[in-house]
Amino acid sequence: MTTQVIILNGGSSSGKSGIVRCLQEVLPDPWLAFGCDSLVDAMPAKMQASDAGIVFAADGTVNVGPDFMALQAAWVEGVVAMAQAGARIIIDDVFLGGAGSQQRWQKALGGLTVLWVGVRCDSAVAAGREIARGDRVQGMAASQAEVVHEGVSYDLEVDTTHTESLVCARTISAHVD
Amino acid sequence: MTTQVIILNGGSSSGKSGIVRCLQEVLPDPWLAFGCDSLVDAMPAKMQASDAGIVFAADGTVNVGPDFMALQAAWVEGVVAMAQAGARIIIDDVFLGGAGSQQRWQKALGGLTVLWVGVRCDSAVAAGREIARGDRVQGMAASQAEVVHEGVSYDLEVDTTHTESLVCARTISAHVD
Amino acid sequence: MTTQVIILNGGSSSGKSGIVRCLQEVLPDPWLAFGCDSLVDAMPAKMQASDAGIVFAADGTVNVGPDFMALQAAWVEGVVAMAQAGARIIIDDVFLGGAGSQQRWQKALGGLTVLWVGVRCDSAVAAGREIARGDRVQGMAASQAEVVHEGVSYDLEVDTTHTESLVCARTISAHVD
Amino acid sequence: MTTQVIILNGGSSSGKSGIVRCLQEVLPDPWLAFGCDSLVDAMPAKMQASDAGIVFAADGTVNVGPDFMALQAAWVEGVVAMAQAGARIIIDDVFLGGAGSQQRWQKALGGLTVLWVGVRCDSAVAAGREIARGDRVQGMAASQAEVVHEGVSYDLEVDTTHTESLVCARTISAHVD
């Protein structure tokens, strides 16, 4: 069965974006890539100043409210519809709700053929890469490193602690049918 | 009937992005915004080096090939599905195919309530704003200013030549039900 | 006397950056451009989380402390040295201290030939452009629009309220010897 | 003797920028950071479309002409002047001319106390990271990996092939007086 959707789940600064760009390079077909960052960019700037939206706290924790959840749910439906319309899709997400986040995706994905990929990175290493990226707010990497994987099932896991993005992408692409 | 989708069509540097951000600010509900730029960002980088993808020529002309068209068609379906799922959506697009581009959207949008907005800007003014943005390739603004509107029907037109983005956004928002 | 340095002073969202890029395009020689934004980018990220550094408050006010002032003073000396070494330089700055800010530049610039340019923009229009840019924090444009010009002397003033960046740049370039 | 300037030399995608941001975090004093990228940003956009300026070729090679060299020389003088004025400075550069590039810096730096740092990265690994960054033009990493170090003398070398940016930064900071 042809893989229609690849979903990468991992904490902030675990290296998802780099893997996505490498996947888009090494996979022979053109794949569309969407993720948390592009979703937040699509939302009004004022959503980031509202408890009903998304709040990035000074300690690196992230809280989302009902307005964010509603738009996210519709966005998930739309991304699934793109795959149903024939586009091959790569998603990178941060399952802040662990297994519950995965179940929401599973329900929306219906009968599509999905490759579930866990992107692990040692918490201290991810925290260091957060500094190297120059983000002013620190703490997201450490606070998300473990919790996003709790109760989540994968077809495949990669670990960027000691493995380059391109190597991880090649491992993943070998599992794409 | 509640407006579900706002579609802004205009040439490069006509001011669409600024209007979109102002709309997201002035409209009371949170609206999701997508457009050509976010679509190109979602595609593999190598699509920009291929005649089958999208080629930004040195003279400012833009050519798209079959791979681009196929992904774009699926993306349109997905964006429409987000609106059907209840999210309110703002699209900014460049109808390189004029009326033909509008027909493709109309066919995909089905029974949704759409507000069609033309974003005009004097060609010379848009070309100046292209320079002010610091784009290395110049010519897109001038080559697209008129052609994208050919044969297209609007509910409303705004002209950024002498009118600020925020004022245009308020005019548009007054037409949103 | 050949103009060696052009200094543009104006509030946030008054249109300085667009004018700078247009100046770099229309002036026949290549000019180097520096400004507040590139200075802040050159500083450690942690300077933006410290009262000794620079604090962008939620109401749009900006406060700078002694660490920021010390690095800024050395940076000014360096930019002046580039001009003394033969590079033609465009600076865009926000004179938060009004006349006092200008005096600090004058003292550092010594015998160099400088064109002082005030960049005005109606406060409400600048506030609207701040929204159009999508900045999450609003209020800088309004709070800086007038105060940065207090007691400052110019060779030339431009007003972006009703005049395009490229037109302002051509006006300025006509005063460059 | 207090270290006044840290110069990092390495090829494209060798990891200089990440190390610089980590250095700015771990060093107790605030240090200003400048480099090739900020220099190119300071130049007119049209310099990138001129043989007299800087040309990024499709195969990843970079060629600079006399206009670029002249502005760069003045910029070097200015950065040195910032250090002489008391700011602590981190430079990241790509010594396309190897030992000759170092000599130009040495001549300008005069009596300042400088820490020379080589940033190495295995060529294939750097090429992979170039893909992970999503640069459309590939080849810079591979073409620069070795040549920029030819004939250059260092106080210290770090290798990002298997070592994180933050760890490299801590190694470097231990050599800062």
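Labels A, B, C and D are assigned to the chains in the order they are written; within every chain, residues are numbered from 1.
Here is the rule we go by: contacts are C-beta pairs under 8 Å (C-beta built on N, C-alpha and C of every residue); 3 or more make two chains touch, one makes a residue touch a chain.
Owing to the predicted nature of the structure, the values given are computational and were not obtained by experimental measurement.
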item: Chain whose Cα centroid lies at the greatest distance from that of subunit A; value: C
item: Pair with more cross-chain C-beta pairs in contact, given A-B and A-D; value: A-B
item: Cα-centroid distance, subunit A relative to subunit B, in whole angstrom; value: 27
item: Rounded Å distance, subunit A centre to subunit D centre (Cα mean); value: 32
item: Junction residues of subunit D - those touching two or more other chains; value: 21, 25, 45-46, 134
item: Overall pattern in which the protein chains touch one another (line/ring/star/complete/other); value: complete
item: Subunit C residues within the subunit D interface of the complex; value: 21, 24-25, 30-34, 38, 41-47, 53, 67, 70-71, 73-75, 77-87
item: Interface residues, subunit D side, partner subunit A - complex; value: 17-19, 21-22, 25, 125, 128-129, 131-134, 162, 164-167
item: Complex contact set, residues of subunit B against subunit D; value: 45-46, 48-49, 134-136
